[in-house]
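Here it is: the structure, laid out below.
Chain nomenclature is as follows: A, B and C, assigned in order of appearance, with residue numbering initiated at 1 for each chain independently.
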Amino acid sequence: MVFATVIIVGSFFLIVGTIVSKGFPALSWEMLSEIPSGDFYMGGEGGILNSILGSLYIAAGSSLLALIISVPIVIYINMYLKKSSWMGNLTRLGYDVLFGMPSIVYGAFGFTLMIYLGMRASLLGGIVTVTLLIIPIMVRTMDEVIRTVPKELFDASYSLGATRLETSRVVLKQVAPGILTAVLLAFGRGIGDVASVMFTAGFSNDIPKSLEDPASTLPLAVFNQLSSPVEEVQSRAYAAALVLTIIVLLISISARVLSKRLSKNKI
Amino acid sequence: MNIRLIKDKLAGSTMLILTLASVLLAILVGWGLYYKSLPLLEENSVWDLLSSSVWKPSKGEFGFFAFIMGTLWVTGIAIVIALPLCLLCAIFISEYAHPRLRKIVVPVVDLLSGIPPVVFGVWGVLFVVPLIEDYIAPVFVDYPMGYSVLAGGIVLGVMIFPLIISLLLEVFSAVPKEMRDASLSMGATQWQTVKFVLLRKSKPGIIVSVVLAVSRAFGETIAVLMVCGSVIMVPGSVFDPGYPLPALIANNYGEMLSAPEYESALLFAAFLLFVIIFLFNAISRIVLGRIKRKIE
Amino acid sequence: MTFETPHISVQNLNLYYGANHALKNINIDIPNKKVTSFIGPSGCGKTTLLKTFNRLHDSSLEVRVEGKVLLDGENIYDKNAEVTSIRKKMGLLSQRPFPLPMSIYDNIAYGPRIHGERDRHKLDEIVERHLKDVALWPEVKDRLKSPASRLSIGQQQRLCLARGLAVNPEIILGDEPTSALDPKSTQKIEELFIELKEKYTIVLVTHILRQARRVSDYVAYIYNGEIIEFAPTEELLLNPKQKLTQEYVKGFVS
């Protein structure tokens, strides 16, 4: 039992250790601050700034969009529907299922939809697809947080004559740190996912300037460079993976710290 | 009527529409994929598609058997690796571990779940593949290859650790403490209590967890694709390369726009994933919900 | 017991939690500008009954309510009844204080604000007046902007009372409002109730018979979802007529 636990905990450190030991030597300031030059993928000059920014744009855009969509849904199933009503349960089941859908399905669907609408692979396409992917994460996380709010807080607001809409503002305030955690989790997932963006966001050596421009992402940069036969390019993939890992770990650690804060302050 | 009440109602209807629309989206995804795979389904029977292993897109022959077997091999290996380890680890965390130790293990498992697939893939390429090629495979076969379904299975197994552990912990926490106390007070050892009370009581929950883990493993794309070789063949042993369904989509979709039949075939693969995962998830979530409700 | 113009009149009220018949054919009149206490063993339905007065069961799917609750003669369970304005007429104090997640000032101003008060000076005045009403003003006047959750439990409970008073209710519902408080704070709340009954109808759920005696004019004894006896305080506590009541108040020495 202890052995199994050691293996599981160890696998985390093994993964991070492997990435650090291979990626760190290849990491340089140039990699972080420049976009790829013409022969970058043959070992030429340049960096992966385009991918870093592309990923951040996509993750930020989709987190924002998903937040705008998810909050009303969570409010609706918690404040407007009665507790354990069939519709609430069905919605929750629906989101459980959507949560389990692999990103490749979202990617394939998103791309099909884009072709149908006559859109090119672009930053916008990536944002929309990743939004679809992370809405279930947000809805589920926020739903769980709101369900921990004591019923008496709802009642306190209701008994002052507040409507459900007015009460939901109070509830949102109460769970604000939980919502931030949900957003961070979703952001982390959005920034790390490849399968959903590989067709929909396209690929580009430039930093996207508008929503219609194609955009490269960090995970895609890792993936593409790794398949290069040039050794130097491969080691860049490791460095890019290291950058991605650092970003994602920072995000998940802050999400954890935040949610701990939340449970400390709860009444 | 009061303007506040109108606002309340209006907001309610808007949110209702949004909620309905978002759930409809799930159906739309399934329907869209189905619609796109119709051209393929009109020409071939589902059974032929699933059982044939001839894959010649240029000739219009699409047999998914090799890909399905690739998926099954990788998933099977992943579960065989992950389930015993996770079961032991979850028992340790929930029954034996000192709370302070638990506070270290659980966050690490959480962090593991946050690592992006592509990083798992890189780790697989850097660590698992050489390990198999240089140390494990040579013992068993003559021409060792690192890129294999075993590599895919190992990487995937590690990837689903966090999911299985968190599900199992949830299932275990649903077994009331009094039940354990009753067993312990009758003189049973801790391990006997685990075996006869905890595991027996949570059997349905454990099965559900496995089903959910399987469905997660089915759909995982990039990490597996990076290490399992992507050779179209029905794997004969764990050291053979394989080509799972999601990898098929990821490698070829986007480049086949000129061939509508090819596109249709790839979207059929996506539809297949959708249906399997939809069913697995829906059923197991319903069962899991039942289990949870029983305790409340 | 009947009153000429009861403030709340409960008629043939039945309430079910799913299959659990929690309130059985309740008939009771709550007199105007008096303190009425509900006493009874744990789980007998006191909280449940209190919540039917401002329809706080509305959001639960498994709760079914039959019968009438008349507020000033109007049935609050009528299809056309408007629940927010009914609730505005009643302030609620729960077992533990639940301050809203905002500052002390905003807690009090929350009610008036949602009911349309925007004028800053008026709000300042409302906040000050009601904090004075509950004798909290001297303690908090210098930190109105700090979060309400930083107050002591006793202070929080008084804040919740002030918050309820700020929407100008006619009725105060208290569900064991002192059960989480220390003796000092309890005494303060009790004194407030005695003061407030000049202006408000008060319904109080309590476990403490002495408290019922100290603050209330009438007491109802509830047992297993039924009202066993309803009488003026002294009468019910010292000379109960029903056997069940006698058993419950047996240990009570005046």
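Things to note:
One rule holds for everything that comes next: a residue touches a chain if its C-beta (ideal position, glycine included) is under 8 Å from a C-beta of that chain, and two chains touch if they have at least 3 such contacts.
Please read all numbers here as calculations on a predicted model, not as lab measurements.
If each chain is drawn as a node and touching chains are joined, the picture has every node linked to every other. Comparing the chain pairs A-C and B-C, the larger number of C-beta pairs in contact belongs to A-C.
Chain B has its Cα centroid 18 Å from the Cα centroid of chain A.
For this pair, chain A with chain C, the centres built from the Cα atoms lie 47 Å apart. In terms of their C-alpha centroids, the spacing between chain B and chain C amounts to 52 Å. Residues of chain A in contact with at least two other chains: 163, 166. Across the assembly, chain B contributes residues 4-5 that each touch 2 or more other chains. Annotation for chain C: residues touching 2 or more other chains are 84-85, 114.
By the touch criterion given at the top, residues 1-5, 7-9, 11-12, 14-16, 18-19, 22, 69, 72-73, 75-77, 80, 89-91, 93-94, 96-109, 111-113, 115, 121, 132, 135, 163-166, 185, 188-189, 191-195, 198-199, 219, 222-223, 226, 237-238, 241, 244-245, 248-249, 251-253, 256 of chain A touch chain B in their complex.
Across the interface of their complex, chain A is touched by residues 51, 54, 56, 59-62, 84-85, 87-88, 90-92, 94, 96, 98-102, 110-111, 114-115, 149, 160, 163-164, 167, 173 of chain C. Of all residues in chain C, those touching chain B in their complex are 82, 84-85, 114. Of all residues in chain B, only 4-5, 7-8, 11-12, 14-16, 18-19, 22-23, 25-26, 29, 32-33, 36, 84-89, 91-93, 96-97, 104-105, 107-112, 114-123, 125-127, 158, 161, 165, 212, 215-216, 218-222, 226, 246, 249-250, 253-254, 257, 266-267, 270, 273-274, 277-278, 280-282, 285-286, 289 touch chain A in the complex they form. Those residues of chain B lying in contact with chain C across their complex are 2, 4-5.
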